[in-house]
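Structures for review follow.
You will see two complexes here that share chain A, one where it goes with chain B and one where it goes with chain C.
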Partner chain A sequence: MSEIDADAAASQKLRKSERVKRKGNRTSEDGDSAGLGKGRAAAFVAPAMLLIAIFLVFPALWTLYLGLTNYRLTGFAATHPRFVGIDNYVNALTDSRFLNSLGLTLLFVLGSAVIGQSVLGFAIAWMMTRVRKGVKSVVEFFVLLAWIVPSSVSTFLWLALLDRNNGTLNTLFGTGTTAWLLQFPMQSIIVFNTWVGTAFSMLLFSSALGAVPPTQLESSKIAGAGAWAQLRDVIFPHIRSHVLTNTILITLWTFNTFTPYLLTAGGPDHRSEILPVYIYRLALSEGSLGQGSAVSLIMILINLVIALVYLRILREKKS
Partner chain B sequence: MKHLGRTKFAVSSMALLSLTLTGCIGGGSSSTPVNPSQNADAKDVTLSISANAILGGKSDAEAVWITKSVIPKFEAEQKAKGVNVKVSFNPSGVEDEAFKSKMSLALKAHTAADLVELDGIWTGEFADAGYIKPLNDVVGKEKVTAWDGWKQIQPGIQQFTSYNGQAYGIPEGTDGRVIYFNKKLFQKAGLPADWQPKSWADILSAAEKLKSLSGVTPLQINAGTPMGEATTMQGFLPLLQGTGQPVYKDGKWQGASQGVKDVLDFYGKIYGSAKLGDPLLQQETDGRSKSFQLFADGKLGIIIEGDYLWRSVINPKGGIAPMADRDTVVGWAKIPAQAPGKGVNGTDFVSMSGGGGVFLNPDSKYPQQAWELLTFMNSAKILEDKFIPTPQLSARDDVNAAVLGKDPLLTYIAKEVLPVSGFRPGVAVDPQVSLAIEDATGKAASGTSGEAAAQDYEKALEQLVDKSNVFK
Partner chain C sequence: MTAATATRLSATDSAPKTKARNRQRWASSRTYISAAIIVLWCLLPAYWMMVTAFRDVGYTFDATPFFTHVTMDNFVTAFSTDLGNHFGRALLNSLIIGIVSTVIALVVGVFAAYALARLNFRGKFLVLGFILGASMFPGVALVTPLFQLFTDLSWIGTYQALIIPDISFVLPLTVYTLTSFFREMPWELEEAARIDGCTQGQAFRKVIMPLAAPAVFTTAILAFISAWNEYLIASQLSNDATQTVTVAIASFAGAQPHQEPYTTVMAAGTIVTIPLVIMVLVFQRKIVAGLTAGAVK
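Then we have the complex of A and B:
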């Protein structure tokens, strides 16, 4: 198939170049501003399309297919899956465990990404514009460290921190034997994820803040603007698009993150079972691959919606 | 033109994908016919063994035995026959449920070891999925029946690695559950060192006395999902056996019966109203390990566990929570029925037993040599290498006769506990029922009433098996 394609592309290219010679340069008129011609353009895009097809489109379609069966990891249905139509989707949407999980995920995204990472990341970046360079480097180093330490290591540290019997937190604050991960599972993973991911927002915002013209800040100061007024009327208008980019990226990452599993495994009693953890437990621990696929597809759709909203907002801003 | 091109591309890639999709699932594991004589005469052979055991961690003794005894001795024996065999060991040291997922994925992807050590309760679902196949098909009936070890293994124990009357592997051993207690704590609380509770009420009253000791959790009966199978085998099922009916009888499952409600109420009492156990321990992801540690540290009075606790956890030699004074401090008793005579078949005492075995991967490139290794591992001589240092109830009568006398607990289990013990139903849906059980006990331990938890359990059960297959 690829050889035929290449031949076709080559001959098309030849024809195209002849046409270009005959009619003069009309490329910009038909939208071909790079002057590549369709064949070459296709050849450039093909590897990317192939990768997307193999690693994105194919798994998504396969997930769609599996979600329509009662496929299981073990047992009879592992070799003889039956087509069950949209049963899995109906089950998911009417299952209180799924709805609980969806609610927890939204809370998790809102708490740890939209509020936690963005606000904290911005606050640190903002403060770092007013301190000496040495202090800035040290702070940034530690924030980055939380981001780059492998999650298996950092969750182990957090388990030691939050442990009920010999945990660092209980020792420091004299909180007795508070079982943080059991009594406050959602709060724990929200704080944890904020801690892990703040570095990205911080980096993005510090470069954005660097682009705010100092002259505007100076003149606003002379005009008597306080810190809040400066933030709202001078800085924010400059970094609005960065805020948007940051929010959408961390929303998607947080929506899909699996790391909290290492802390609470979704427990106790499903109280921190965010969607990725729910899918893992459903598909692999409980072996319901079909049902798990259906929920995965629902999750893909939610991700797509978030991405579309983002693209729409960006486009509106440009026009 | 441009749009047409895009559509064409989309259509052709969709067609390609749907071609790939057709028959993608299911095809893999059933399509490859097994050829027992494959590579039977090979002179250079590589084999591998997977087990949930790892040096210095989980089931250390097993890992030591495989790497220090089985592998070198088998390789030497084969070398003497002129066959150059290289055997490797793939260790794991994780929760049983995680190991099960790992093994099912490995077998499904045709990348598993030649021999895999699995829990007997998984036999049905692995066999139904085609991940394991009858030994008769993989090795050849003649070879299998010719093995002299079968007559040493009792039919009940052979069931662990059999499904629908076909043997899929060779069982390694069995176990039994008892109620352990700490004699030192008992003495402090004014309880006898030769304690033998005769009813659930006796357990509660002893725990009630232990409550007066500070820093001591009186009682631990496993509940909830994080403990996995330990909840089912060491908690719910032995208790349920004590209410008169087994969980599975004549092809039907026990639903929200009086017995199930009583068991769940008992959990509610322990972790709720009577405050005799630690409900948080049932929710923590590593709650079981913590309960082991508490018991080893003398901070837990009573715990229902299998002989695994004695052999592999608090064993002063090689246990994961070694207890130097185990032999003098730890006492044990039979698990009582709810009340005398209330056990299944009218017994006063109850227990549950299960066991694992080693299965032959149907994808093995060297099925004959793998079978030789499997039988070598289960020969009396090589099993003694494992069981003399750390005695355990072996599947083989001749090995038991040689090793059990050395260990008081295992002798006790063999004589007193196994005769009243129940076995898990060997059906494929059993592990899923087990998940529903774990969920129900977890709810009961964290405050849901026995009645409500039992109703939820029955609802979950009816999604797994037909309503007509549920009894009360």
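Then we have the complex of A and C:
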């Protein structure tokens, strides 16, 4: 889905050639193949654009303004927010809690998305190329299930799994009363997020691996290539763009996920307070909506930068 | 002499062959063992949920990994309103919110996607880029502005306060996926239909829609799952009357004030998860195709 640029470029090219082809016999200079007409097309697109604009883009831009005020959840500032300039932004960028949160987020994204989900997803997809179809769909089913269980249910399951007293993990491995979420908060949410999100990487890599020509695999095997050489020289060139797409998407999703809050609430002592959790606690638990909005805007900007870098890489690769 | 060489040859020949076969067998069983481990890894928490959901509350922390002390009481408790829980109500709310937002998002999305796929206009790629950019906003960043907006509109505690964000959250992906689908359909379809005497509306209704139905359906499943699972917005913008299941589960109250009502929550979680399990079972291939479609092309 984020290959919009590639898509756009490709379809533009296609359309151009089609236009040239058709110029003689029909009036498709404006590319209006269905005879919709500009007015009707605008009417078709307008409701979707309005909904997205009013309830998605406008709120995102509104955080810019809210970040400049001392808006609070309760009290006088809740009804009469005062303009405070860029104080919130300065506070955020110099606050050690923000920097700590940023570092943890980086660790979280690297550990659970770039390494955890990608590597595990690829490993499973790779394995599934060698098993019977039935086994493959059973495995797919369970991986998919972990992904679509509602977050409030799956976090509860993990709370039960990791519980200090009588938790399933402690019972199974005889690890006594290890308080996993207190002693290893980051490790816990990283493993949890890997568990939740592996499905997407696996499915994407599965369909990518299906497109690798089997003859090339055969001939590399005959030429005596080991598994690693085969992976590097035959498979990787074929799935490079998928690796890129996958990495960027799961990076964005993981960067934005709020679910770990339901496991550790950012604690203990801010040790698992990734950015979305930080914003949530700042704005909604502590009531500093203005300060929370300032951090939100910074987060949105980081999102945009990641997306732009991705589009840039994609364009360079295509040209 | 020849016979002897032959036996010797076959003897030396068969030894590496069996070895190779053994190695292959080991490799393939290793793959299956790994597959079993993956299934276990994904299943363990969900399995534990079921075991606990059906277990007598007095044996909540019993470590037996099988179904023991089986009872349906927890499901009854989950629906009881004695302790101030409104699970039944929440289930109905989630169903209403999920269905309404899916239908609206699909109707709005289909039209937008059709126009975007079939018409070249200036700024079209800006529009698509705008849509995609919007799909990347972090939900937690939008809670505060939406909270303020809906407070100003006095919408807090209404259905539309939960339905509309659900729609705007799934709309970008819906439009994007459907656009790439419509784009693949040959343009000659509408042309042929119109030559046969269809109006544009009829061509769309009678030719395009039936062909697009599978893609629309897949997108609808994904949209419904996303609305059904939404937690963050619902936790802030709902009240007791409009609370959704995901919020209800996270805030389940038990008989003891400081004791998580594990068995009851597990029972409730089982109920919430069952529709999703059924959906995945029935539509697995469609869901897989829909998830990877946009990203693979």
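Here, the second predicted complex is superposed on the first by the 267 of 319 C-alpha atoms of A that agree within 3 Å, B and C clash if a C-alpha of one lies under 4 Å from a C-alpha of the other, contacts with A are read in each partner's own complex, and residues count from 1 in each chain.
We take it that a contact is a pair of C-beta atoms (placed from the backbone, for glycine too) under 8 Å apart; a residue touches a chain by one contact, two chains touch by 3 or more.
What you see is a predicted model, and the numbers here were worked out from it, not measured in a lab.
By the touch criterion defined above, A:140 lies against chain C but remains apart from chain B after alignment on the C-alpha atoms of chain A. After overlaying the two complexes on the shared chain, residue contacts for A:38 are found with chain B and with chain C alike. Of the two partner chains placed by the overlay, chain B and chain C both lie in contact with A:62.
When both complexes are overlaid on chain A, the residue A:164 reaches chain B alone and has no touch with chain C.
Annotation for chain A, partner touching more residues between chain B and chain C: C.
Touch criterion met: A:207 reaches chain C, while chain B stays clear of it. Of the two partner chains, neither chain B nor chain C is touched by A:96. Using the contact criterion defined above for the overlaid structures, shared-chain residue A:215 touches neither chain B nor chain C, since it reaches no partner. In the superposition on chain A, contact is made by A:150 with chain C only, not with chain B. Comparing which residues of chain A touch chain B with which touch chain C, the overlap comprises 38, 42, 49, 57-58, 62, 66, 71, 165, 284. Interface residues of chain B facing chain A in the complex, by the touch rule stated above, are 2, 5, 9, 13, 17-18, 20-21, 24-26, 29-30, 97, 101, 104-105, 108, 122, 124-126, 128-131, 224-226, 280, 283-285, 290, 428-429, 432, 435, 442-443, 446.
Those residues of chain C lying in contact with chain A across their complex are 28, 31-32, 34-35, 38-39, 41-46, 48-49, 52, 61, 63, 108-109, 111-112, 114-116, 118-121, 125, 127-149, 164-165, 167-169, 171-173, 175-177, 180, 183, 187, 190-191, 194, 200, 203-204, 225, 228-229, 231-232, 236, 245-247, 249-250, 260, 262, 265-266, 269, 272-273, 276-277, 280-281, 284, 287-288, 291-292, 294-297.
Contact residues on chain A toward chain C in their complex (touch as defined above): 1-4, 7-8, 11, 15, 30-36, 38, 40-42, 44-45, 47-49, 51-52, 54-60, 62-63, 66, 71, 124, 127-128, 130-131, 135, 137-146, 148-154, 156-161, 165-166, 168, 171, 195, 200, 203-204, 206-208, 242, 245-246, 249, 252, 255-256, 258-259, 262, 276, 279-280, 283-284, 289, 292-293, 296-297, 299-300, 303-304, 307. Interface of chain A with chain B (complex): residues 38, 42, 49, 53, 57-58, 61-62, 65-66, 69, 71-76, 78-81, 164-165, 179, 181-182, 264-265, 267-269, 284-287.
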